[in-house]
Amino acid sequence: MTDMTAAKPAVRVETPFQRFRAEFFESRIATAALIVFSSIVVLALLAPWITPQNPYDLGQVDVLDGRLPPGSEAFAGYTMWLGSDGSGRDLYSAILYGLRISLSVGVASGIIALAIGMMIGLIAAYMGGRIEAVIMRLVDLQLSFPASLVALMLVAILGKGVDKIILALVVAQWAYYARTVRGTALVERRKEYVEAAQCLGLSQTQVVFRHILPNCLAPLIVVGTVQTAHAISLEATLSFLGVGLPQTQPSLGVLIANGFEYLLSGRYWISVFPGLALLTTVMSINLVGDHLRDVLNPRLKK
Amino acid sequence: MSAVLEVNGLKTHFFTRAGVVKAVDGVDFSVSSGEIMGLVGESGSGKSITGFSILGLIDSPGRIVEGSVKFDGTEIADAREEALKQLRGNRIAMIFQDPMMTLNPVLRIDTQMIEAILAHEKIDRATARERCRDALGLVGIPSPEERLNAYPHQLSGGMRQRVAIAIAFLNRPRLIIADEPTTALDVTIQAQIIHEAQKLTRQTGTAMIWITHDLAVVAGLADRISVMYAGRIVEQGETDDVIDRPRHPYTVGLLGSVPSANKRGQRLYQIEGMTPNMLALPQGCAFAPRCTRASDECKTAPPIQKSGGSRIRCFHPFGEGGRA
Amino acid sequence: MSTFIIRRLLQAILVMALMSVIVFFGVNVIGDPVHMLVSPEADQAEIEAAIRRLGLDKPIWEQYLLFVKNAMQGDLGKSFIFGEPALKLIFHHMPATLELAFSALFLAVLIGIPLGLFAGLNPDSPISKGIMAGSIFGFSLPTFWVGLMLILVFSVELGWLPSTGRGETRSVLGFETSLATVDGLKHIILPALNLALLKISLAVRLTRAGVREAMGQDYVKFARAKGLSTNRIIFVHVLKNIMIPVVTVMGLELGSLIGFSVVTEKIFAWPGMGKLLIDAILQLDRPVVVAYLMIIVVFFVLINMIVDILYSILDPRVRLQDQGA
């Protein structure tokens, strides 16, 4: 028997992060999605340097270039590979600039909602009693309504604008984070190491920030990615409905809405290309988030 | 007595991302009609996997890679799923560890019992239901008619395990595999269940494999005992031989760590070290790193040898009475 | 059971009172409707007459009390635009929305559950991986953009299906419905599919997760050890367990479908209350917005309650607790 004489390989010792990284990159789809998303972010950041036109600069936009099909040549001489929209903006440029707005709104609202939701969730888990009951009732109440409807109600009240839409998205999403953190914190708090830490005389805040919070990170990351994708999609929806961002700040949703009126006459590109950009962005985030959930979820571990 | 079940060289391995887990790695034993065999081992020793392997209930990434399982003389280790389905719950029944989990929470007791009969016999529901009621009575459940209409959560743990036992005996099987059936129960209820199971095997002539980690349980119940360690049977023999005259150092250690009245005041024996990592088993005897008697010889796998009335896998067995 | 329902009703009333405060005060902070409704050439007297007519000259809390008092009598104000009672407008548009939402829910269940079941039972099959990738696709596709693409493909390019309106309707049991005519059915296919897309994905994932979890449970292994047929294990043991969360979640999603139909109705010019809402928001027609939101709250409260009761019927464990209480 060969395996008796062959030297046993040493048992691999991996840090949790190394194992997480190895398991994450095991999925080719998730790896591809991460690469796609990173590229989108880079393209959006580099927009002013890699686009032929600044769609906000009225001096560069020529109305005579309006509604040109993909591949047409603009008056200024460059080729509009993706065509142009109704007011003569080069769609390729408009999409990259639009991505900047869509991404910033989504990420900003995601981070703020995460911070607020996390604090509220921790407070609920730690205070317990009446405070927890009131907070969780509020969370349950809000979660019984879909986030899209809450956001729609809020923009109906607040009006248009980047700050207002971020506020609406934050209010619509904080409860998801609060629920996640409270759930995890409650589970962690009952574990023995927390009792042990308390017995060692660590203060309440030390226990929360050093021991409980790091354990909430995994579910928070998963919820965070999915919610950010959702926020981007939601902003586009609201902008499409005409209650989100104004024409002066054309996010992808605004661009798609502008193309709607031309759709029935067969000028598909004005709505289709910004839509594909939106889809690719949201989908790549969701694919990453979905795989993160599988990797970070201990219940599915074998 | 003819053997109801003969297992020879059974190997069940799990092919995981981290490596191959040889959960069952060459197990031999047999059970005869009316006999109770205790299969003893720590958690992770492969005793439950052995039970599931017999029924062909090993899920991917695991599979039987080698060996033979003969039931009433017929080879079933490589049998087709349809043939195994005919055996399961009919000729070979199984009882699980946790009665809280084995009964489906959203189905009534009668549904779960009657289906077990109708899966194997074409009889009308009323007759089947009658048989279920009788079976419940047989395992000592009071007012069985009411219990039939109950949902699992309305019964206590002990009652549920009795229901599971009744289900196992429903089709008069030749063999019952009981996987730690009393571990999750209170000690008093545990005793009742053991009594019930013993009585039924004797009455019906059913063969039984009683899987447990608790030597004390099988000491009073089993006719023969097989002790498993890291996927292999290390000692096998008549209960009296194994309990009173253990040979293998692991068995000696196990027995030494059972508290009992005549050892009161003495220090309890404790087996040194940790249960082995199944992904990185030591070469040769898997118990060697924890064994006080291990030598260089133990780096090769010890063959099975006869010692007294028992069969053991050890180069340095204890002599009579567990002494060197 | 009755104490349970009474408790739920009290909760529902509390929720609605809370929402009425939030909604009313919130909505009344939006711009000044007077400028929207009175023509720019109107003189001061005309403007004041309009303010009085609409009750906008009173302090806001008095407006609210008036609103509550009127709401109790089923009067949620008159539309600034149409000059009709807001509730009447909403009830008039409601059947179209409900018809759309129920059709979408039906599609979601009909398509989503079988796909999820398959993916859960064969997690390693390439088809399952395709189904799961498709469900992520469905989750990521923005509803409004899918609507546009459906129109582009099936109406503009292929010309198979109409892109706007409800088509011919017929009265069934007192309700006007497009499900009863061929023309109506043609009109509802695209919007219903559009609205259902997210929920199909949800049903797939929910069913798959439930099946995967149930298949690992001891009771399934025990059922296999009893020698039951695969069909019996799947369709009785597994399905009965997973139907509890699936019915609960899909039931709750009906509310979200009604709410989300705003987008679909806008794209397909479906004459439901969602389109009424979005037009009202854009035109600052406050009474209609307030009435819509109040009606939606009532819907959600009702749906939550019905689903709770349904849940207790489906899950025997809940029933016992209720008897004990």
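Of note:
Which chain is which? They are A, B and C, in the order written, and residues in each are numbered from 1.
Here is the rule we use: contacts are C-beta pairs under 8 Å (C-beta built on N, C-alpha and C of every residue); 3 or more make two chains touch, one makes a residue touch a chain.
Everything quoted here is computed from the prediction, not taken from an experiment.
A comparison of the B-C and A-C interfaces places the larger number of contacting C-beta pairs at A-C.
Using mean Cα coordinates as chain centres, the one most removed from chain A is B. Note on chain placement: the centre of chain B and the centre of chain C lie 53 Å apart, centres being C-alpha means. Taking each chain's centre as the average of its CA atoms, chain A and chain C sit 24 Å apart. Residues of chain B in contact with two or more other chains: none. By the touch criterion stated above, chain C contacts chain B in their complex at residues 124, 217-219, 221-229, 232, 236-237, 240-241, 244, 314-317, 320. The residues of chain B lying in touch with chain C in their complex are 55, 57, 60, 85-90, 93-94, 96-98, 101-107, 111, 115-116, 119-120, 151, 153-154, 164, 167. Interface residues of chain C, counted against chain A in their complex, comprise 15, 18, 23, 26-27, 29-31, 133, 136-137, 139-145, 148-149, 151-152, 155-156, 163, 252, 255-256, 259-260, 262-263, 266-267, 278, 281-282, 289, 293, 296, 300, 304.
Within the complex formed with chain C, the chain A residues making contact are 29, 141, 144-146, 148-149, 152-154, 156-157, 159, 229, 233, 236-237, 240-243, 253, 256, 259-260, 263-264, 266, 268, 271-272, 275, 278-279, 282-283, 286-287, 290.
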